[in-house]
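The chains carry the letters A, B, C and D, assigned in the order they are written, with residues numbered from 1 in each.
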Amino acid sequence: MSYAGLRSLLPKNDLINFAVLALILVVVLPLSLDIFRLNLVGKYLTYAFVALGLVLCWGYGGILSLGQGVFFGLGGYAMAMFLKLEASSPENTAIQSTPGIPDFMDWNQLTELPWFWQPFHSLTFTVIAIIVIPSIFAYIIGVAMFKRRVGGVYFAIITQAVAAILTILIIGQQGYTGGVNGITDLRTLFGWDIRTNEAKYVFYFLCVFMLFLCLGVAQFVRKSKLGRLLVAMREMEDRVRFSGYDVANFKIFVFCLGSAFAAIGGAMFTLQVGFMSPTFVGIVPSIEMVIFCAVGGRLSIFGAVYGALVVNWAKTTFSESFPELWLFAMGALFIGVVMAFPNGLAGLYTKYCEPKVNQLIARFTGKSNDTSAELAPQMKTEGGNP
Amino acid sequence: MGTLKNAQAGLGGRLPSLMKGIASAVAGATMVLSAAVNAAPATSEVNTTGLAVTDDTVTVGILHSVTGTMAISETGSVQAEKLAIEQINAMGGVLGRQIEYVQEDGASDWPTFAEKSRKLLLQDKVATVFGCWTSASRKAVLPVFEQYNGMLYYPTFYEGLEQSPNVIYTGQEATQQILAGIDWVTKEKGAKTFYLLGSDYIWPRTSNKIARKHIEKLGLKVVGEDYYPLGHTQFNSIINKFKLKKPDVIFASVVGGSNVAFYKQLKAAGIDMTKEKPLVLTISVTEDEILGIGGENIEGAYASMKYFQSLTNDNNQAFVKAFKERWGDDIVIGDVTQAAYLGPWLWKAAVEKAGSFDVDKVREASPGIELTTAPEGYVKVHPNHHLWSKTRIGNAKTDGQYEIVYETDELIEPDPFPEGYQ
Amino acid sequence: MFADYTTSELMSIFAMQGFAGLILFSVFVLMALGLAIIFGQMGVINMAHGEFMILGAYITYLTSNVFADYMPNLFGAYFFIAMILAFIAAGALGMLVEWAMIRHLYHRPLDTLLATWGLSLILQQCYRTIFGAREVGVTLPDWLMGSFQLTDIIEVPINGIFVMTLAVGISVAIAALMYKSRWGIQVRSVVQNRPMAGAVGINTARVDRLTFGLGCGIAGVAGSAFTMIGSTGPTSGQLYIVDTFLVVVFGGAASLLGTIASAFTISQAQSTMEFFLSGSMAKVLTLLFVVFILMLRPQGLFSLKVRR
Amino acid sequence: MNSSNTDFVLAVEGLTVSFDGFKAVNDLSFYVDKNEIRVIVGPNGAGKTTVLDLVCGRTKATEGSIKFRNKELTKMKEHQIVRAGVGRKFQTPSIYGDLTVFENLEISFPRGRSVLGALAFKRDAEVLQRVNEVAGMIFLDERLHTRGDLLSHGQKQWLEIGMLLIQDPELLMLDEPVAGMSVSERRKTAELLRTITKDRSVIVIEHDMQFVAEIADKVTVLHQGKILAEGSAEHVKQDPKVIEVYLGH
């Protein structure tokens, strides 16, 4: 890509943001935290994938999904199924009445592996499935909803119902899914123990790498015409339609993309935490994921990452010291972000910090910086929401 | 957090020889002092794996949900464990060391349980953990305990199908609780037909599976089996099915908020449980749950479990008295609360038998540990890490207590992987 | 599955099951009415609806305790007092919330959803701090217990009848209020044209506040009634939230009639399927059915526009 | 086939739409020629906006046919109708407030209208040239990097017209393009309309009879969903039925 093309894809402010985030995630945190805390950060980052998807869907496209846990869960379950099959080798499960199948299946009198588990013996299939299955699912929901112009609040409620349905199904079909306990006791990946500290470091960096990959995709989408179309649709859907666009297709695309991000996050979660359970599929976690996005700033892809980190870090700290106060703090956070800081941390940053940073840079480089001459101007929405 | 032993070694390595002499003299003095007071063995002897044990304290972990949906159930366990620890401390502690605890909140969230157990084991270096309530939370922490070789005392009656070297199960596994109950209703009440009802998750499903096998072995009939999602609140349809199928026994393992709705609606639909037509046999309603259901709504139902607050033995009377003094007069004590209370005592006995806090030694010492002071009477740890215990049948009264109508003669052997019931 | 039963037994069972469906219907109506008013008339998504219901339940619990301690001879009547108090308490809290929070968010419906979710967390923790984490048992007066024996098999629970009567009564009262009273006309005119309503002298802020308060108040009454059939604990409110929203959305939020029709459809579907399938599958199929219908007929059911 | 093919750009025949029994447009037929400026006038509620909605697919017809260059529009989706060459401006200016004038126009540029196309879309010389050209026509060449929100009412109206122009539609439909404009803006708009109608057909809804007379080739007067009169501006002004409808109320 030409320099100019790169420049328009990655204007200076974003370049700085990328660099700072990379510095924090790749250098600062691994050096300053022990593996226990770093593993926690890795877990928080998996939620950042979901929040990132929500920035595109909700912040840009105005589509609020309260069922992102569904996709997070699908991705996580796909990964967990692969690992569980490896952990359930005939040698490991010799005491079962049917060796070679996951323990929970044995408890539920299954005597052979169900057909839809079979392909998960293959890592290649699993990796593809992690992205493709949730995307197809999102595509089906998207086509059904957006082609019929269901949107806004209705879409939110319906996705919530989908989350409820999937939770009940997973819990009810415990012979196939592990039920309420989920898929637990995952041990190795091709014989390599995933519970060691070394493995945790590897997975942390893999997670960071995938996150940057997704951030890159998100940045590309954001800076493309499609990104501007999303904003346009959020404001004046009819106008976009009467400019000759099939609006539903764009919504479906961004919803699928957000779901694929969430699914990758889910898979990373399984790798780092070591199990997957229906508690991440339901309504409550799905709504919490929205708040990560809102706290970070619903229009900022970097905000999504910081939001997920900050809220979860606060949750861990608060619940360690004042478990009773945690719900108060969380509730206040929801209300405060919505009412006082609709653009979240990113909004505060652009308002108070960015000018100073720019001054600082200007002073160092000796160049004047007031033109902000990028062709694509910054969005400075006030609570921009349909 | 290093132990004193490690600290001494560290000092010795780094300081010049003069200082070294002083350091070891100080350490020696401390040791003499503590030996004089408590006759406690040296820390270096009782703790070879770097646990949080000092000359006069030992740190343990308590890991339950204080927030979230499970807080309702887990509060009693936390209270019982704290009470037991305080009582042990008042008696001089374990191996001359006072027990200190670090309490963590699992927040009804399974990864949080895993995260907190990792913290307790890695950061706090606790000697043991008392905690978890749901099977899901136990399953989530199990790999952590096995990886870092921790010890968990788990208080809830559960579905079995598990036997970890790192867990002592102080509640009953499913067969202990269920078989005696079904035998009793068959023998004493002449029950022939059963309807199995549960919330939709692993414990009720496994329990009902065991119940069904047993019922069929006895040559009797299961006329229906049904599951409702957790948190379901409308049971009129199932009540109609009862009326249609007319089972002798409704075997219920409904949990949580659903429990309240189920018994209230059963009563309202004109099924008077005191008439025992049909008879309700539950394995999920302890005195704790009756608080929410209301005694008048469940009067006449039978429960099959190992402990009821109304047990009249001396141990229990002392326990109930102490519990009320510590946590308030209006508190009730259920099966799980009692099982949680056993945890610290069983651990103390095992540590003293082993003469060490080391997890491996405690594990080795655990099988065969007896507790004659248990509120439920006499219990004994089986080599499979579950407890031998009696099973009792209680009949619910309006005041929210159970009247004990039956007690097995012998201790029942725990059998987490029951042959022929899977 | 019916071969073993006589025709009269089967008839009785179907009658019973129909009645069970009607009770479920009444429960849905009670749950959804308050939300339908708030959502339908104001376009606000109140995720804390369940917590307002539980407030009503706790008020009932407190009232029953006060009566049991101080006026045991009047205990039979406490339930009515409790419902009135529940209405007042939940309504007052609702108006406070409207004033402090909701009125700033009218043009952002999705944001009200998040903010009220935050509110629900705070309320849950308040309940936990005040009443303890455990569920509380609400003692009911004797006359609400038991059932009428109609035939051998058919028995009609009294509290079921009570819930139905209440559902009908409240629906009628709301309909009268909305379509007959001066205040109802004001509410509807504000919904249709806010600036114009303001221009002709309607205090729109006051109308909003009262509407929100009314919706919450009804939730309180529903919660009070539900102490008869469900649990009362800090998180019990969450058990109702998905069902409630689906009923309202399915009904289209346009009219009270829509809500009632949708409550009827969903409750009958669910109770019929519950009888033939296991409870879990019935729930899944009911939810799928609702989602599916919503996909097929969004335009027919969503006739009222959400205020933007 | 209930109507024959014609040379007209737009042929509306027997068009009826009813909302719950109320016929907003009732058995309406009219024809628009190539390069013709047709103005539709009529009192409030006459069905003027509904006619435009029907043509561009926003409202579905109950009966009748709408043919654009002999292509039936009633079965097509909105974006297909637009791609066929019909542009529509709404009554209230509908532009994207969060985007700049440049971006508003760029989005309307008829290329990269599929999802992949939008992702691959590049801001090349052709786009820049077209955007600048159109921005000049609509008097906004100085404000290319202003956010849409910050424009005046009149400028927003122009911007929306510009967004249609950049698509180069064959039929342009404008709903009250000068409503709420100052006198000078109105003059500029009339000038704008004259330039853009050189090689395309235009349907304009307008109330202001002076403005109508200034621009119209032919005027259609709608009343209660039906055509009351049709002809030159002078002609319809004299029509007794029109006078009755306008003054009789």
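In this section, a residue touches a chain if its C-beta (ideal position, glycine included) is under 8 Å from a C-beta of that chain, and two chains touch if they have at least 3 such contacts.
Computed from a predicted model, the values in this text were never measured in an experiment.
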{"item": "Farthest chain (mean CA position) relative to chain D", "value": "B"}
{"item": "A-D or B-C - the one linked by more C-beta pairs in contact", "value": "B-C"}
{"item": "Distance between the centres, which are taken as Cα means, of chain C and chain A, whole angstrom", "value": "34"}
{"item": "Inter-centroid spacing, chain D versus chain C (mean Cα positions, whole Å)", "value": "48"}
{"item": "Distance from the mean Cα position of chain D to that of chain A, given in whole angstrom", "value": "43"}
{"item": "Chain C, residues touching no fewer than two other chains", "value": "125, 128, 238, 278, 280, 283"}
{"item": "Residues within chain B bordering two or more other chains", "value": "66-67, 200, 227, 229"}
{"item": "Graph class of chain-chain contacts, one of line, ring, star, complete, other", "value": "other"}
{"item": "Set of all touching chain pairs, with the criterion as stated earlier", "value": "A-B, A-C, A-D, B-C"}
{"item": "Chain C residues touching chain A - in the complex, by the definition given at the top", "value": "43, 45, 101, 104-105, 108-111, 113-115, 117-122, 124-125, 128-129, 238, 241-242, 245-246, 249, 278, 280-281, 283-284, 287-288, 290-291, 294-295, 298-299, 302, 306, 308"}
{"item": "Residues on chain D engaged by chain A in the complex (per definition of touch)", "value": "56, 58, 77-79, 82-83, 87-88, 90, 94-100, 102-104, 106-108, 110, 112-115, 118-123, 145, 147, 160, 163, 167"}
{"item": "Partner chain B, residues of chain A touching it in the complex", "value": "36, 39-40, 43, 95, 97, 103-104, 106-109, 168, 171-172, 174, 179-182, 184-187, 195, 273-275, 277, 279, 316, 319-320, 323-324, 326-327"}
{"item": "Chain A residues within the chain C interface of the complex", "value": "58, 64, 66, 144-145, 148-150, 152-154, 156-158, 160-162, 164-165, 168-169, 171-172, 283-284, 287, 290-291, 294, 324, 327-328, 330-335, 337-339, 342, 383, 385-386"}
{"item": "Chain D contact footprint on chain A (complex, rising order)", "value": "5, 8, 220-221, 224-226, 228-229, 231-232, 235-236, 238-247, 249-250, 253, 375-377, 379, 381, 384"}
